[in-house]
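Note that the chains are named A, B and C in the order they appear, and that numbering of residues resets to 1 at the start of each chain.
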């Protein structure tokens, strides 16, 4: 079977007790049984094939983490069907979890006081990894992730980037078929982010590990994902190729330029001036109309450029547009 | 002085936020009180008075000691120590005020908070359920309140001094705990010191600890009368002064070490 | 089964090693906590010098109770550290449960293996010391049954307090604010059982006879060990109910715990 994840009409609802405010509020809180219903995951359906690298995007509170938790077997859905790698994650937890790996950006899966290598060794026992396979993986990851400098350092003394690399190694030691990454590049510097992305790509291409990646960072998506799913308010708004997302909803990109002098009027074909602050000018342009390099070329022919920066439309804006478009479609 | 008030108030407010937790703690303390009372009643048996303490006084003691333990925080106080370990002390030293003064005000607020949240409710509960004795005269009340304040001063300066070990020892938790256990044992919290053998009481007199809970209790119950009260309060003051001075000295040494050696 | 067991040892090993990292601090910690039990006993001894006895129990007999309870509580506190309600509640709110759910291991086993507070050894040692002193002071008529029953009573106490810890930890799945209340039963309970329970007022004693049958855990066995008469005539087998109560509470606690786990998995944090 080609499909590794089958999700049908997944629902996850939370009941939050209504909190009354004000002086009489405390009293009412004791007695009221009023609840707000939050649909964190609202009728989500999708399938993922083996070996895919899928981006799962959405603003904060959209339902990303909830979906991932359900997929990872940490949370029981309210309704719907879910089969991952032939298991129902939350039902067959112990057997299911032995075949998947997960890295949550904010928390580590390693033991705080232990040197990294000892944590990894402990995991060897927990996952019952054969000794030679363990050694093979360790040597490969040590090289790819450059773990040697801190293998003997306790996890609590690691920097964020080091910890992330250690966590990635830990998640893959037992050769999982499926990898869940929840914000793996959050808080890292640009260089570290690039290394992590390279590693994820390597794992996906060389080992065929299916990867589900949630992120806030469009650059992560651009670099790694061929397919993206966008969720907002619990609903799946978009599920398709990244290229299609860009083309249909990409929105305007921005070029911020610091010119060598103050120009009284700036006109350029293919882009509009949105801000003008002395030497700093901001242009907006459509991806479909003109590429960044062509625009820069045109500008440099006519004006003296000191410095520039290309800004992608942020995901929130893109999603808002998708949401509005979907509403229009309906 | 204004600063003292402000800091204290902030500390007090923070205490009052944890109202529900305080209630739970109160319930726990009350339960312990019931056990202690049962033990004392059984110990007294048919006796009306032991070592100058009548049964009702002993019962009042259990409530009083529970009520004051929070105020004096004799059991555990590691805030300054943790401050040093986390490095927060560096930003404190940048502030234009005496470190001792800062912690004094902070702790006073905390003590008042404990008084309101645990001390008074505890005594009220005791009064309702078990009946308590109260000081006979206004003078006794005044002496009691004074001794309570000085007891807090003695307790605070001891805790402050002990916490300063953090400047020299990387993991002083064990030592500090050890010091607190000693003070707890000799403070007269478990049982009025009068019950203990004379030689032990004499030994304790060489330490500041009886002048925390035990003195307060003895004044309240009227065990100490007239000149004895004045003597006791003076002793509190003397010990308080000694500990404060020692604290200031050690603090200065500690800061110097911190500033010179860093980390 | 064996895999689980050996994993438990490894997890405990992790805890032990990280605590022994600071040798001196650990030693002082043990010393410090040891002292509490001894000083408590010293207080008792001093007070008994003046009062003589309590409700017909002399120092040795009370020390017997105290030593047993302290040793057992220390063992429980060490084994069940992972379930300490205040600590567990905090871990749940930090999201640590997710970490446990992600591993192909039994959750309960992982919680057991998550903490192992070594300095409790101090309390255990002191408790045994006090017990030893008590036995030396008393003139117990030992029989084979009594000798065999002693460890059983200690284990029953461990199970009882452990069960209370587990119940407290389970409660933190729902609420954390007033979890201190559990201390009434754990620390309050152990304090209460350190004295002969005939000193307590009827209502209190009956609560701990019929609602939470703690009286059978150590008081009745003590009557048996010390050959003391029963002031509240209970059937003869009352002295052997200790394991029934201990294991019963533990079993009920585990049922509640499993229910709490299922609830946590369906609602998350």
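Basically, a contact is a pair of C-beta atoms (placed from the backbone, for glycine too) under 8 Å apart; a residue touches a chain by one contact, two chains touch by 3 or more.
Since this is a predicted model, take the numbers as computed values, not measurements.
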Minimum number of chain-to-chain touching steps separating chain B from chain C: 1
Most remote chain, CA-based centroid, reference being chain B: A
Closest chain to global C-alpha mean, per-chain Cα centroids: C
Pair of chains ranked first by number of touching C-beta pairs: B-C
Centre distance in Å when chain B and chain C are each reduced to the mean of their C-alpha atoms: 29
Distance from the mean Cα position of chain C to that of chain A, given in whole angstrom: 46
Chain A and chain B: spacing of chain centres that average the CA atoms, whole Å: 53
Touch list for chain C against partner chain B, complex: 22, 24-29, 31-33, 35-36, 39-40, 42-43, 46-47, 49-51, 54-55, 177-181, 183-184, 187-188, 191-192, 195, 199-201, 204
In the complex, chain C residues that touch chain A: 3, 6-7, 10-11, 14, 17-18, 21, 95-96, 98-99, 101-106, 265-268
Sites on chain B touched by chain C in the complex: 20-21, 23-25, 27-28, 31-32, 34-35, 38-39, 41-45, 50-51, 171, 173-175, 177-178, 181-182, 184-185, 190-191, 195-197, 200
Residues of chain A touching chain C in the complex: 14, 66, 69, 72-76, 90, 93-95, 97-98, 102, 104, 106-107, 109, 111-114, 118, 122, 125-128
